[in-house]
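Pasting the structures here.
Next, two complexes with subunit A in common: one pairs it with subunit B, the other with subunit C.
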Partner chain A sequence: MSRGGTRSRGQDWRLVGFYSGRIVVGFGLLMLIPALVAIGEADWSSMLTFIFSASVTVASGFAMSISAGQPQRPAQWYHGLLIASVAWVLATLFGAIPYDLSGYYLSYLDAAFDVMSGLTTTGLSLIQHPDAISDAMNTYRFIVTYVGGLGIVVMALTFFVNEGGAFKLYVGEAKDERILPNVRSTARAIWRIGLLYLVVGSALLFVTLVIGGFPIARAPWNAVWMFLSAFSTGGFAPHSQNLLYYHNPIFEFAVVSIAIIGSLNFAFHYALWQGRWKEATRDLEFLTFFLSVNIMWLFVAIGLIRVGAYSGIAEIIRIGYLNLISAHTTTGVSNIYAPQFPVRWGSLAMLGMVMAMLIGGSATSTAGGFKGIRVGILLRAIAEDVRRMLLPERAVVRSRFHHIEDSVLTDARVRGAAVIIMLYLATFATVALILALYGYPLTSSLFEAASVTGNVGLSSGITQASMAPVLKLLFMVAMWVGRLEFMSVFALVASLIRGRVPA
Partner chain B sequence: MRTWGPLVALLFVGVILVGMPSPSCAAPLAVTGTELVTHGKLYNRRIVAFTGQVIGSPIRDGRKAWVNVSDGFYAIGALVEAKELSKINSYGSYWDVGAEVRVVGTFYTDDASQGGETDIRATTLQVIRPGHPVPHPVNRYLVFLTPLTGVVALLLFDLDRRKRRSAHLS
Partner chain C sequence: MKTWLLGMLTEFGITVAFYLAALAVVGITLLVR
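Right after this comes the complex of A and B.
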């Protein structure tokens, strides 16, 4: 980040306003997809809701961009951070319009909560009667999650933003790895990967649903929605019972497999697509994920066996392993009811789940949490420090690690990873403490706090429309900072306090 | 007479014991979804009666079928005889209020034969109230407002396009 002086406040905010407006326009256009679904089903009420919401959002986005004026210079790092944080808030506020008009939320705050939850791919929901919402509304819910997972800034870069400084916008959304040399090509590659998986994954889910006795007429919708939910590691489901609704272990297995794919780094996907299969045995982030899942599985399995939660090993694997993978990939789909976690699982299994949710998936993926690469870097740094202690004082140790390419383990990298992990832990502890102060049991508070901070979406039963509005706002902020990995939000807060944007 | 007293009492107790219903034919416990989900162990393997609206779609599993029954708080999966489905006229969705049914059967908090699911293996399914369609009237305010906001959006789009053009030319 350049430290060469400060720019005038107005000029910088205009630049932020221009790009944020563009992103709002893109988000508004997305609302036309559910409008088309409504037209296809002759659901005129929903159609009107979505066309109205889309036109208000698009008009507001254009108004922002026009009043901000064409940028006179490319965006800088700091602008990228600001644009990401502002755009996510605006998308939440405008995105809540169709939810609020649908009548399935008790308040606008609840509607905004669900949009933030969807965009951040958390998956906690305050919707009333989810079993009775329209296909158009369900399509919107899952599109919000999918776009949030791939990144709303990534979406704007793909379709709307041609101007310079694009990489700086891209980084602001906590995606800091370029798959291709050009950032626009990278954004398009992310969408190509996402769309190809959408076709293949939905087809797979459709087949498993039909094999499981699900009516063919409803299977396509459910397959596409559940794909969007799993791949974006979102966790929403079209029915209140989540995966339990389907009574289909094969379908559950397919959904979780898609969630694993979604939680992997897009650069890792791209490497595998190019035939670099050895990455699966060399990549530090992938190996960390593999190791971490197995360690957490020990916690969960031993915990479930100890309390006798389930009658057999097959049940422990189906329910315990599915929920663990759901937690670790930060997906949030589940085949048990939310209150059954604290009631049946016992503290050891819950602890395993909390750790899995905090570690999360991969960087530059749809997943949340610390991210495997940071945990891997920190563990490698600890191992190197121990190694240094055992070597002669004069020995020169140059540490390396492999993540898509060979890299040197510098102090700056280690510090960067440690800072983000510390910030996640601080947010997690704060949310857990506040929940405990509100009178919720400690284990449930820790579980919910990890789920919110790590953008997971599993619940111990705390997240409900009846919870205090302050807690809803707290959860929204935690989801937002967790998804943008703090720096974008800190940049926004610092700019608002200082009144100037260093560029 | 004194020697007959205890014998009569014993006979009386015996008649009462024989006349008592066995657990299998006891009246089912009327339960709510919240009770089954949060205190499942209390009802595990007991005969329960669960009342609610059938939602979503039936899922066929050979000669059996799954129906999901919601009491407004929790939906519980009930495994019923597939032939029972003919009693249900509609399933709860955006378009319909589902039939209200009373499912009687054995509740399992961890049904080993179904991979550990929390469910009710139903013996009877009784329709209490048939389902019916739900009207979705169009919001009259939106009928007037939508064309207005649509025109504003198009005008702003045009203005934005012109501004971009002039910026490129200059």
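Right after this comes the complex of A and C.
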């Protein structure tokens, strides 16, 4: 009995090791893109950094896969969960090598924090002197956030893995909707949408930068970087002043538009791209998102007007609405300095932002938070329960909702949505409580906790290189569990504690 | 015109709708204040 259990456990972990190794190889190969940028600009120091980091990462990934051996059976659901959580940690650990070697981080922990922040499309950063870093390093920062947004498992399924049981891997990364019947086609559809938007979105940002008088020689890089940041709802910027650096309202509007598009469900994109226009007026998730944005905006707008934070409708829209959308789409770009939130915005606007950050964007998108579909399902369930109370006891109520296709509102769906929302709230409350324990003010603690849990990246000023290392680790864990939507990480922790994989 | 391009334009149209709704919300808020 025990021998059989041990053998089974070994096979399961080898399967996890094999696929995680493949994903690490894929992540390592990505480091060659900034290496090419460095070669193009004769930046030999950066080139060496990236070639060394890529070599170590690819070699380690291959070593993992080879030592694990070709799997004897297809991956099961449980393996998919474990592979996603293990691969994200490994990608963070290896991805931090070039950051650490660059000298722009005070420690390896800070470097790893930034990779986790990038991969989870959070956007909080501990980098020192971001205005001075090389183009190659900036390219790497934005590639990390873009690939994290689309999904590193999705990337592997698109380019490197062609195996049976692929859907089980895909689900582990919290992208649980099949856009096409075949999961590999789904992964490719996600990449096709992402890459087409990369071309169109970067061109749009380039034009708006040039119109605003930005130096034409620097505009292409800034356009591509800010596209990668906005579409992946990441929030990094190549300058320490973030969007404020550009002083360009048209560019800000374009960035916000791309952030909204990036926060939409890939299945929703695909439906529109197939000519199913009516989805824009029928899809429960999109309608919930639209409604939620406007309700939260009402609170933020009233809050800003009440404290007189900004004068005139144009300034309220340009600053207030940009930051609200940045929060709700979980992007994290901003056109004000972080300390201005607690000092200038007032409690009501701050709480509106906290709610927006927690609700977040759409499922199967690059965004974080509860996700619109879960909020929509829960609201629909509450409405149905009230309706049921008003009907005769014997009446049979079957509720439906429309999300890309017509579906029945089953108890299992409601339970699934409620559990994930509860877990987000529990993580948010825990992080906020610990921040308060460290002496940070309540509103700032709530704001930062929502930003970390919902993978947003806006800061009230708490996230700094000088913060306690234990808080950096706490934030990394919160970003990780929030992005993978808990279940993958719980599966990993349960397997490690119980010492076996129930596959 | 390719359907995907129309889809993309629809999505940019949606973002404009977001801004128009935001303008309406803040406009009404200022009016009833």
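Rule of thumb we're sticking to: the second predicted complex is superposed on the first by the 496 of 503 C-alpha atoms of A that agree within 3 Å, B and C clash if a C-alpha of one lies under 4 Å from a C-alpha of the other, contacts with A are read in each partner's own complex, and residues count from 1 in each chain.
Simple rule for what comes next: contacts are C-beta pairs under 8 Å (C-beta built on N, C-alpha and C of every residue); 3 or more make two chains touch, one makes a residue touch a chain.
Everything quoted here is computed from the prediction, not taken from an experiment.
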Tell me the contact category for A:Ser65 with respect to subunit B and subunit C: first, second, both or neither.
first
Considering only the touch criterion stated at the top, classify A:Leu298 as touching first (subunit B), second (subunit C), both, or neither.
second
Can A:Ile313 be said to touch subunit B (first), subunit C (second), both, or neither?
second
Counting only touches as set out at the top, which of subunit B and subunit C does A:Leu243 meet: first, second, both, neither?
neither
Looking at A:Ala111, would you say it contacts subunit B, subunit C, both, or neither? Reply first, second, both or neither.
neither
Superposed model, subunit A: greater residue contact from subunit B or subunit C:
B
In the overlay, answer first, second, both or neither for which of subunit B and subunit C A:Tyr197 touches.
second
Just subunit B (first), just subunit C (second), both, or neither: which does A:Phe214 touch?
first
The shared contact residues of subunit A with subunit B and subunit C are 316
Over in the complex, which subunit A residues touch subunit C? Could you list them?
196-197, 200, 253, 256-257, 260-261, 264, 269, 272-275, 277, 280, 290, 293-294, 297-298, 301-302, 305, 313, 316-317, 320-321, 325
Complex interface listing, subunit B residues touching subunit A:
37-40, 55-61, 65-66, 68, 70, 74-75, 77, 92-94, 109-110, 112, 114-119, 134, 136-139, 142-143, 145-146, 149-150, 152-153, 156-157, 159-160, 163-164, 167
Which part of subunit C faces subunit A closely enough to touch in the complex?
3-4, 6-8, 10-12, 14-16, 18-19, 21-23, 25-27, 29-30, 33
Going by the contact rule set out above, which residues of subunit A touch subunit B in the complex?
28, 43-46, 48-49, 51-52, 54-56, 58-59, 62-63, 65-66, 69-70, 101, 131-135, 137, 212-215, 218, 239-241, 244-249, 309-312, 314-316, 318-319, 335-337, 339-340, 343-344
